[in-house]
Amino acid sequence: MIPISYYLWVSALLFVTGAIGVLLRRNALIMLMSLELMLNAVNLSFVAYARMLNDMGGHVFVFLNITVAAAEAAVGLAIILAIYRTKETVDVDHLSLMQH
Amino acid sequence: MLPVVITFILGALVCGLLLGLSRFVGPRRPNAVKSAPFECGMDQLETPQGRIPISFSVIAMLFIVFDIEVAFLFPWAVIFRQLGFVGLIEVLFFLGVLTIGLIYAWKRGALEWD
Amino acid sequence: MFVDFIIVLAKAGLVLFALLNLAGLLTWAERKQSAVMQDRVGPNRANIGKLTLAGLLHPVADGIKMITKEDFIPEGANRTLHTLAPAAALFPALVVFAVIPFGDTLLLFGREIQLQVAQLNVGIVYIFAVSSLAVYGTMLAGWASNNNYSLLGGLRASSQMISYELSIGLSILGIVLIYETAMLDEIVRQQGELLWGFIPKWGILLQPFAFILFLGAALAENKRVPFDMPEGESEIIGYFVEYSSMKFGMFFLAEFVEIIIVSGLVTTLFFGGWQVPYLHATGDVIGFVWPFGLGVLSLPQWLVALIQVGAFSIKVLIGCWILLVIRWTLPRFRYDQIMHLGWKVWFELALINLLITAVVVLCW
Amino acid sequence: MDGTAFLQGTGALAPHLTVLITGLVILMLDLFLTERSRFLNEVVGLIGLALAFVLAVLQHGDPRMVFMDMAVVDNLSVFFLATFILIAILTLLLSASFVRREDIASGEYYALVLFATTGFMFVASAANLVMLFLAIETLSIATYILAGLHRQEQRSLEAAFKYFILGAFSSAIFLYGIATVYGALGHTNITQLAATVAQGDMSPLLMFGVALLIVGLGFKVAAVPFHMWAPDVYDGAPTAVTAFMSAGPKAAAFAALLRVFYQGFGAEDVAAQWAPVFAVLAALTMILGNLSALTQVSIKRMLAYSSIAHAGYAFVALVTLDALGAASILYYLVAYTFMSLGAFAVLTVVAKQGERHHAFSDYSGLASTNPILAAVMTLFMFALAGFPPTAGFAGKFYVFSAAVKSGYYVLAIIGVLTSVVSVFYYIHVIRVMYMQEPGEGGSPIRVSAVTCTLLGVTVLGTLYMGVFPGSILNLAERSVALLFS
Amino acid sequence: MTFPLLTTVLFLPLVGALILIGFPRERENAVRLCAMIVMALTFVVSVVLFFLLFDSALPQMQWVERAAWLTSLGIYYHIGVDGISLPLVLLTTLLTPIAFLQAWHSIEIKVKEFAILMLVLETGMLGVFLALDMFLFFIFWEVILVPMYFLIGVWGGALRYQAMIKFLLYTMAGSALMLVAIIALHFLNLSPDYGGTGEQSWYLFDFYRLNLPISMQKLLFGAFFLAFAIKVPLFPFHTWLPLAHVEAPTAGSVILAGVLLKMGTYGLLRFCLPIFPQAADIYAPLISTLAVIGIIYGALVAMVQPDVKKLVAYSSVSHLGFVVLGIFSGTMAGIQGSVLQMVSHGLSTGALFLLIGMIYDRRHTREIADFGGLWKPMPVFAVFFLVAMFSSIGLPGLNGFVGEFLILLGTFEVHRTFAVLAAIGIILGAVYMLWMYQRVMYGDITHEANRHLKDMNGREIALMIPIVVLMFWIGIYPNTFLRKMDKSSAHLIEQMRTQRVLADHQAQIDVQMPGPTK
């Protein structure tokens, strides 16, 4: 039996990886994927806790979170696509119209 | 869990074996014409990195949404009889909202292909 | 523990072995079938000595040929992904079968062996999940080939696959609603019951509409005629145009494995799986009951198991044959027709079917 | 859940559902409308919102949990519901001519506004952290799209993207916080968190979760130092959307803060942990928000920073953990709604076709070309700066009263001093309008009847809440009473 | 319930402003006339109040009106008037129409807005003097800034932006802290520890009863003092004043010097001293010092000004130093003198600004060097100027003398040095004024433009007459006014004394019975 804390650590690690990805990567798509990574890391936490607490709630929440993640991904993709079609790039460094 | 793991390993082995066979048994004599992209004998005008039709992306997004819908329906379907009438009403509302989304996408032409 | 492991290994190996061989056979069957339908002879050349075995050696020859052909990767392609793509296409097809029960339990040396590789309580979800992975193979193949046509073909193929996946899911849901479980063996077991005492409770009877929807969607998912627009080997170049050697073979193989899986699923969900009508499994005593209670006949357990596996196999084979016939019967759709059908007809029909089923189940 | 509970729950969520269904109806209706009949979108939206408002107001009373304890109906939620519906109504009025002028797909626009409003409303009614998260996501996703709805406009897309990335980022952090709290306490029911905390000791895990919740919500309200997305987003988004964003999501985030930190973690020993953090956030937000606003050359961007600063004031009240403080947050949010939407309405009008005119210089001489518009804008500027007798003054007064009452003198002093700083940039707008000659193109601007109505309502609201703040504050006090019982 | 007289006075101008909003903007004369009528009405009402209705025998607030406003916080619409505020009310209602009349022709653009703003301003100023509820007071205190901002910003001179921003930010910075202090007082009043009533209240006289610890008093006193000192303006917070005065239109300057500055001194008298008597005692020397510095500094700087208006502006710094000195002397004479001096200064400086405005309308310059020999073309003007100047200097027989005399008297009782130094300020005042007068009025006409200047017309004379009459009245028979403020001033001092005694008593108890230290 793998202890709960292992799952939590993995989850934390994934979460931080995702966060770093969002903050450091300049490619919009990779940022989006990092965001998804963060959400799924949390899902891992939820499941681990739910297992630990022997509570169905956590599992249900994961379901909901997956939906949210999907909706977020759809919207994110749509935005990135719209940008790509006007700018021909998904590099966020080119998104600087408002930095004056 | 174990049977699934074993199946996965076996499946991966088969795939690896097939890949390995073609890699190591077959001859290897590449030349320029052979490794050029196949376009019925014409030279390739541009490499595929430009835009792709937007409809594919739209389909992908629609799929995400509706696939989630289906995923939500699975647990519902399993315990449907326990939920009873209330379960039906709630799922009707859920499906209703998504159906409106579908009608919207439909009317807006997201499902049209030329 | 170790014995368990061995048993599982044996089951998994057996299933894989059967799958691959059957797929090989199907390539032959398809060619023969087409020959029959087109009043031709079909494959008959490959031989060992004088032995042609009605062309049965062709699949073997094909295999050898593919292995010995050159495996080249087009210029500018992503080598890793290009290599990975066929595996990604074949792998899901190979592992899906793990949850399909091909028989009831077999009592052997005092050990109860489940005739199913993996008895998952989320079997249907597993199928759903794993078969979705096949999209990656298509997508990667199209994308990694550095070829415009491949890319377009890959996009079309994957769009088509995901579009019909929704219908597949929704049509299966009707079955889940009725049998109230996502376990495939449980579904099969329930199909052994009788309705009003004489009609087998098969899915096809309870969900005829879902069967049609499922079959159609599965065909499209499998990119078989009439939905073979993305590959259309006769005139269109599809997503694996840049593949040669065994890599191409793997795509080919995957297609035939999928045929078996579709057939297996149809059997399991709609045709009672390994159930033989009126053959009950009650403890170790088997009653063979005529519809109007004419008499009882007991069969030994191993025989029952054998009959069941045989029944399952026959059902699957018939399914495969029907799929092959369809392939050579119908003309091909246009791509816009495929998508139109998937989103505007199949999906809605599946939804309506599901809701009607729900209402009926509730009012039952 | 049996049928009765289901019906009860549906009844309790009637306002939410009304707004949601109105949005869906608009979405469908728009598909069948022609250019001439497009006004029906607004009509339907207003009718639906009005109905929802009535339904919401009817619900006040003792707290009751519905939908398996996922949602709660109490006076606090009713107040917020009313506020959110008000925001939506005003936004609809504000957008009517804007959407037409900028050629934005109006069906989608209104539908999204209503969906976002539904999200706000669920935030107010959430009795469970996960429910709260879902509600926040609902509103966020709708607002991401709204921000990018001007698809031909690169700035709009850029804004949408930035908003999306940081919004989703903060959501993830918030969610992680929820997961951690769930792990630490074993459930996520807000109304029972307090009891659970009281039983057990405060584990580091719980504190970690609370910290994550703070960061997540901090992003949502754009509290310094989590504000970096706000100016660009507010600047780039279509102005009507900016108006909506400056009022709605912010109010919703405060509703969430009240629920989580007052109702959930309001116990004294837990509060001792988070209150100082909020105090620092409040101070930073007020200072940096106001100072950054000073240097802007675009009024829209200036208002964006000012919006950050105003969140800082409301934050001050949040620190107090006091009934007056909580009530003053509610009051402030309503007041800010009027002021901000009014000011942005003027912005939409002055910006003209294509939204090119947001610089201070575009307002020069507005008083001679459009005296009434200038006068209205002046009122809003004074209100935002906190001059009596406007809603802005009353709001700040209550907030600072609460701060002083709870002994946060330093925060109150920072608050009043930064208000003085803020006068500088608000006054600048007035100065440009009244004390400079109109530049070229300084022609009278036609203001549509709907926009006039909106301006009238916001002006009246701003003044009424300034002269007779008592009525709304009483309502607010009654609404927050349950947090302190 | 009696007729709400004070409310009438207070809101009559605001009602006028609201009526004016409906006027068409082209009908400038109608707008002017209407505004004038409203202002005149207000003046009449306040005159009636002052001379006929006010009972000078009563020390308390009179005509008190109290109505619930924001009940949940205990805020009331609470106004009243006593002998200290009444003269200032009268001053306000007098100076506003006069200032407006002066601007009859000199304000030509946006007349409607100007009239509205003047009316709003009048309400604001009256509100400050009438409010008994601290919240109400603060509202009026802040409201004034808005019209004042526009008056300077729209109709002001070349540097008006700088002037108004400086004016606004200075004032607001001060009042911001005062707001916190007011709120703090409210909550201190809630707790029984400090002798508060324990009820939700913002009533001024409830705050009088508070018995706060010294340290707290010091802080709160500081917050109040800063707000008022900036408004007065006391040295060294005066730097906004010259600019604002010079850049404001004449009407604005008149109001600013005549009334607005008095709000600062009024605040010191009404709030700082009675609420924080001990802190006031502690800081009195320091503040008196600042006042004296202001007196002398203002006078010296005024002396070297080339600009007449600026000169008068600096003279205000000097004169208001006297008022502050008088207030912080804490004596009956000092306080009475201060109140009187507030009125006098309003009259004299107001008059000076009006006259400067008249000459500016004609010549569009205010440089002393540009004038000279004005006596010849404008004899009437010169006479009026002379009277106003003498009044400002404090010539006996005119109003300025009485106030300054009383202040010096009061100060002499407590701080002789300050009194002596302040007296030097008077002399300096005479010097710069007379010098200026000499350069402007006497001598030869050096500029041709000055030769054919028109003398004052009927309107201008008419608006100067009441001021001059009052100057002489106060100068010759100040008792009319002193009598009215007598009881109230005494009452104020009495209150402060009892406070001190109470505090001392408390301190003694503390010493005798050292309780557990906090």
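We call the chains A, B, C, D and E, going by the order they appear; numbering starts again at 1 in every chain.
Heads up, the rule we're going with is that a contact is a pair of C-beta atoms (placed from the backbone, for glycine too) under 8 Å apart; a residue touches a chain by one contact, two chains touch by 3 or more.
The UniProt protein names, listed by chain, are A = NADH-quinone oxidoreductase subunit K; B = NADH-quinone oxidoreductase subunit A; C = NADH-quinone oxidoreductase subunit H; D = NADH-quinone oxidoreductase subunit N; E = NADH:ubiquinone oxidoreductase subunit M.
Owing to the predicted nature of the structure, the values given are computational and were not obtained by experimental measurement.
Where touching is counted per the definition, the chains common to chain B and chain D are A. The minimum number of touch steps linking chain B to chain E comes to 2. Closest chain to the protein centre (all Cα atoms averaged), using per-chain Cα means: D. Distance between chain centres (mean CA atoms), chain C to chain E: 96 Å.
Distance between chain centres (mean CA atoms), chain C to chain D: 54 Å. Centre-to-centre, using mean CA coordinates, chain A is 34 Å away from chain C.
Distance between chain A and chain D, defined via averaged C-alpha coordinates, is recorded as 26 Å. Touching of two or more other chains is recorded for residues 60, 67, 71, 85 of chain B. Contacts with at least two other chains are made by residues 71, 78 of chain A.
Looking at which chains touch one another, you get A-B, A-D, B-C, B-D, D-E.
Of all residues in chain D, those touching chain E in their complex are 371, 382, 387-389, 393, 397, 400-401, 404-405, 409, 412-413, 416-417, 419-420, 423-424, 427, 430-431, 434-435, 468-470, 473-474, 477. Listing the residues of chain E that touch chain D in their complex gives 25, 69-73, 75, 135, 138-139, 142-143, 145-146, 149-150, 153-154, 160-161, 164-165, 168-169, 172-173, 176-177, 179-180, 183-184, 186-187.
Contact residues on chain B toward chain C in their complex (touch as defined above): 2-4, 6-8, 10-12, 14-16, 18-19, 21-23, 25-30, 34-40, 44, 46-48, 52-53, 56, 59-60, 62-63, 66-67, 70-71, 73-74, 77-81, 84-85, 88, 91-92, 95, 99, 102, 106, 111-114.
By the touch rule above, chain A contacts chain B in their complex via residues 63, 66-67, 70-71, 73-74, 77-78, 81, 85.
Interface of chain C with chain B (complex): residues 4-5, 8-9, 11-13, 15-16, 20, 66-76, 83, 86-87, 90-91, 94-95, 98, 117-120, 124-126, 128, 145-152, 155, 159, 162-163, 165-166, 169-170, 173, 176-177, 180-182, 237, 241-242, 245-247, 249-250, 253, 335-336, 339-340, 343-344, 347, 351, 354-355, 358-359, 361-362.
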